[in-house]
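The same chain A turns up in both complexes below, where it pairs with chain B and then with chain C.
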Partner chain A sequence: MSVSDLATPAPVAGTPPAIGAGRRTSLGSYLALLPFLGFLLVFLIVPTVTVIVGAFRGEDGGFTLGNVRALTSDAALNALWKSILLSGSTAVIGAVLGAVLSYLILSLGPRSLLRRATLSVCGVLAQFGGVTLAFAFISLLAINGVLTQALDSWIGLDIYGSGWLFGLNGLIVVYIYFQIPLMVIVFTPALEGLRPQWREAAVNLGASSSQYWRQVGFPLLTPAFLGSMLLLFANAFAAYATAAVLVSQGNPITPLFIRSALTSEILLGQANLGFALALQMIIVVAIVMALYALLLRRTARWMR
Partner chain B sequence: MRKTRIPALLAAAATVLTLAACAPPEDKGNDTKTESGTPAGEATSLADFGDLDTLVKAAQDEGELNVIALPPDWANYEEIINTFSDKYDIEVNSDQPTAASQEEITAAEDLKGTNRAPDVFDLGQSVALANTDLFAPYKVETFDDIPAEFKDPDGTWVNDYGGYMSIGYDSAKVPDVTSLEDLLGPEFKGKVALNGNPTEAGAAFSGVMMAAISNGGSADDIAPGVDFFGDLKKAGNFLPVDPDSATIESGQTPVVIDWDYLGAAAAANVDTWKTVVPEGAVVAGYYYQAINADAPHPAAARLWQEFLYSDEGQNLWLKGGARPVRGDAMAEAGTIDADLWGALPEVAGDAVIPTNEQTEKAGTYLADNWSKVIS
Partner chain C sequence: MTTPSLGFRIFRGVMLTVFAVYFLLPLLSMLDFSTRGHGDEGRNWGAWRALVENKDLREAIIASLLLALFTVLLMIVLLVPTMIWVRLKVPGMSRVIEFLCLLPLTIPALVIVVGIANVYAWVTYLFGDSPLTLTFAYAVLVLPYAYRSIDAGLAAIDVTTLAEAARSLGAGWLTVIVRIVLPNIVSGVLSAAFISVALVLGEYTFASLLHFDTMPVALTAISKSDAATAVAGSLASIIVVSILLLGLSFLSGNRAPDVEGVKE
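Right, the complex of A and B next:
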């Protein structure tokens, strides 16, 4: 059996002829999609199924609910709560600051060099997570950090404290660094979608600037704003590398708890607990992404 | 539109499966024969090969040795690997130098049957004792020198080197330390690091055990140790950074609770670094050496063991500040490097070596309580 036999789309009864005519190209487009679908299969579907199956397996390979029950332990619940706290707070802070920044650079006008530069920088910084970012903060704020040393010698201020950078507070500060640029990238198109005509119409009807924002601007932007915030939440919730470099103690967030379950040489046989924790994360992210899709659909109505 | 998704997915699956089928055939590798005709993978002592020269030749025919999780700055492993490689002209592939013990076992299972699987293991106690069915029993020439409590009678595993839990500190940055209680003082604000997370890493676990014994606990009761670190955290002195020779050299971790031989390695680059084993809280720990039963280079794996347990190999560990398992026997025979042996940190009082059951029990307590006091 050749690949093309498999990929031939089955005819669909009652398809209107106009769409049917376009279908001739669909074989070609599916062929072009094959590598992507293969990628999805290997890196998304297979791992997801493995995680779900593993979450309900015991160490002996039999079916068990023990792993899922273990998710209610103090340590696991604490990790989940801290994870949500971290993702939630950085999503809110990132969304608010990012939205303000978006507004400021858009008001510069479309030809502004600063605007284009800021957008490009945001594109880079939104992806600047992971090990490099953690080390950047360590060399700035840790005990030997440039800023720590400078403030200490100038005005005797101790910003290092007891190593707050290496705990949850540190993670919040570091995560915001990539959350704000991400917000700018996803929220700017929505802001740009606000047509000048709407404002003109409002002004013609006698609205003041604050009235326009209160009754037109903000209501229009709310779904896009909330949607972007959810995206930021999911982004922070799944981040691992940055936290792995900064935090080595106490597993405050779920991704680090999974690491502990997989690599511990003190508590053995916890690999399946790791799967259960991963399943828990998948569920949280799935809920968030479903809400995101809903909000996006609402936004799309206005942005056409 | 919906119906076409399934064929497309099937086509994708077919592509992936075809690619997978094209993967190279598995390399068994276990085919080196000894003098007597038994496969090298089943040899349990040098006698099965004939003599050392035959073993060397068999190992050279294999040409390579896969080791895993051996950090260059840990117990002098960099020099040990280079010496072995130069002496026998065998290429040593050092995989994942910073991996944990459990990751060594996972790698062995994942890579089983390929020529990339690890040939030998260097493991922490609980991981080693939980996986003895993966090990090939082998008695090195010097097997009888090794004290009975440090080896499996069949040679399935043998302790390789050990040390004492210690407090290392940069005397240029903090006052002198003599006991754990000193670390609660205000001079140590944000400066005391533990090597790893005690629910994961053996060294950190032993650090908490040391704190427990120093505070009225015992190998059976680790709770006072967890409370001590809770107090350290409350005092603002606990630094949650994973220390290594780089953080020590750069001054990020001025005080480190770790094995004394790792402190010795740090001292090589920091002149003001001192290492003390606190009086009355002496915790000893040995690592476990074993051969992978599915070693792709079984003869090289056995030669590696012979090398490690030879006088030369043991002295190389000693050079890294670790206490080689044959140390006492070699001291008696006069084959140990006396200067290095005499330079090991002084230890006052009997050493505690937790049993596997005690480690398990303490591990469970840590899993429930460590996060509460530390984060």
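Right, the complex of A and C next:
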């Protein structure tokens, strides 16, 4: 390694590496990445590969499709369906309400303090999941919850019902709380990217406001909107902590099914079922994220 | 831009208020719930005092704070030199490093937990059975967010020129990284640290399934006997995390004008 190495311009694709000693140096340069790559190998790649391999391995260590076949059991399919229902419904509701909110924020104008504040708060709330969010809603809507008691004493309305908060419906309500702000974060740049000039051009050509939105605005925003919705879907599908705290009985969704497979000491072979369920989760999230990347690329074409 | 009509402004005001109430209500109800007091006793801060007085809870909170500190240190030690090195010496690897860093976004934490048992058997064997060993798992978890912050910091300066200048004056690589580049990307590293702390303080998946007592795990355990204390602890952590994340948005908001040279 010497100063002359640095003097050569950053390698452009296709440029051959520097002569002789340069090649040895570059090998050394790669070695410097080893601690980082080794760390990722141990704590990210090995666990993931363990899951993938484990999904096809039986109790005796041999190859089997039994675990994957167990995914088609009624209980597993039911959990997957509920998971998709939960992720799908909160993604749609979160995306629509989030898009409305980001339109309202942007209409405040670029100098608005309220706009900056709302965007910052959304940044916080989008990260606000897990245990704390579950407790927030328990304090609001559970049997001793603030809103439950207030509505009961004011107008005698029982919103607690038979404990819907601790089932799938409760999860939908709670998840929407972090889905809307996440939508605002990921969708606002696209909405902001709609150039006012396009609208002026449309108006000059005689378009009405609704015509502009129908024929220019919405078609342009569609890939960004669908992409954001997919991200919200993956976000809800992978979430675990909120559901784990809220739902203590039964396994309505896949993440909780994985929990019981991991912690169950009654049934043998549950660990391998855990691997299979985790593999299923990787596949679903990977498909969704691949579609997201695709739509993001379409959006990037007109957004600068 | 044309001023919106009065009708739209009223509609906007109403809608924004509805959203504000929806987002504030659960938070305010936490404050009310946690200060309500048990049984007939009046409003008091007993649930909040329990956060410090309850021994298990106190230890869990300390464990979580230490975990946040160690995760930030490990993240900086691993990521910052690697990212600087990639920019300077092996730019061809930048796409690979970026891909690897963003990978934890696509692999749910729950999946990593399912597969990490063997790795953690070794970690426990080498480092003992302390909750602080979660540092390794958490460093993976915060990687995508930390990467983006540091990458933004590095993009704002001319790393190559700075390094060339330092090298031609005789600085070693360590000096270049620690004393030349690092001070110039402090705000990026700080953002990375803030978001890492925020994520670690709320992390539950790894800790609960690997059976380590961190703050969220302890709060969940205590919620069965004392819901008010669990709610108080949650609200406290939300406040800490919100301050960190709002500070972060302030940091990144302030950085932009410096780069552009103009303020809006």
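Basically, the second predicted complex is superposed on the first by the 259 of 304 C-alpha atoms of A that agree within 3 Å, B and C clash if a C-alpha of one lies under 4 Å from a C-alpha of the other, contacts with A are read in each partner's own complex, and residues count from 1 in each chain.
Simple rule for what comes next: a residue touches a chain if its C-beta (ideal position, glycine included) is under 8 Å from a C-beta of that chain, and two chains touch if they have at least 3 such contacts.
Source: prediction; values computed, not measured.
Q: Touching A:L33 in the superposition: chain B (first), chain C (second), both, neither?
A: A:L33 sits against chain B and chain C alike.
Q: Tell me the contact category for A:V100 with respect to chain B and chain C: first, second, both or neither.
A: A:V100: touches chain C, not chain B.
Q: What is the contact status of A:I155 with respect to chain B (first) and chain C (second): first, second, both, or neither?
A: neither
Q: Could you look at A:A75 and tell me whether it touches chain B, chain C, both or neither (first, second, both, neither)?
A: first
Q: Should A:F166 be classified as contacting the first partner (chain B), the second (chain C), both, or neither?
A: first
Q: Where does A:G274 make contact in the superposed view: on chain B (first), on chain C (second), on both, or on neither?
A: After superposing on A, A:G274 lies in contact with chain C but is clear of chain B.
Q: If you tally the residues of chain A touched by each partner, is the higher count for chain B or for chain C?
A: C
Q: On the A-aligned overlay, A:P252 touches which partner chain: chain B = first, chain C = second, or both, or neither?
A: Only chain B is touched by A:P252; chain C is not.
Q: Return first, second, both or neither, reflecting whether A:I143 touches chain B, chain C, both chains, or no partner chain.
A: In the superposed model, A:I143 contacts chain B only, not chain C.
Q: Using the touch definition from the top, say if A:L262 reaches chain B (first), chain C (second), both or neither.
A: So A:L262 meets both chain B and chain C here.
Q: Using the superposition described at the top, list the residues of chain A that contact chain B and also contact chain C.
A: 1, 3, 6-7, 10, 26, 30, 33, 37, 40, 42, 138, 144, 259, 262-263
Q: Going by the contact rule set out above, which residues of chain B touch chain A in the complex?
A: 1, 3-4, 7-16, 99-103, 106, 123-124, 126-127, 130, 189-191, 194, 196-202, 205, 236-242, 250-252, 254, 359, 363-364, 366-368, 370-372, 374-375
Q: Would you tell me which residues of chain A are touching chain C in their complex?
A: 1, 3, 5-7, 10-11, 26, 29-30, 32-33, 35-37, 39-40, 42-44, 46-51, 54, 100-101, 104, 107-111, 114, 116, 118-121, 123-125, 127-133, 135-140, 144-147, 177, 180-181, 196, 237-238, 240-241, 244-245, 255, 258-259, 262-263, 274-275, 277-278, 281-282, 285-286, 289
Q: Tell me, which parts of chain C touch chain A in their complex?
A: Per the stated touch rule, the residues are 1, 4, 8, 12, 15-16, 19, 23, 25-30, 32-34, 78-79, 81-82, 85-86, 88-93, 97, 100, 103-119, 136-137, 139-140, 160, 163-164, 167-168, 173, 195, 198-199, 202-205, 208-209, 216, 219-220, 223, 227, 230-231, 234-235, 237-238, 241-242, 245-246, 248-250, 253, 264.
Q: Which positions of chain A touch chain B when the two form their complex?
A: My answer: residues 1, 3, 6-10, 12, 26, 30, 33-34, 37-38, 40-42, 73-75, 78-79, 82, 138, 142-144, 160-163, 166-168, 247-252, 259-260, 262-269.
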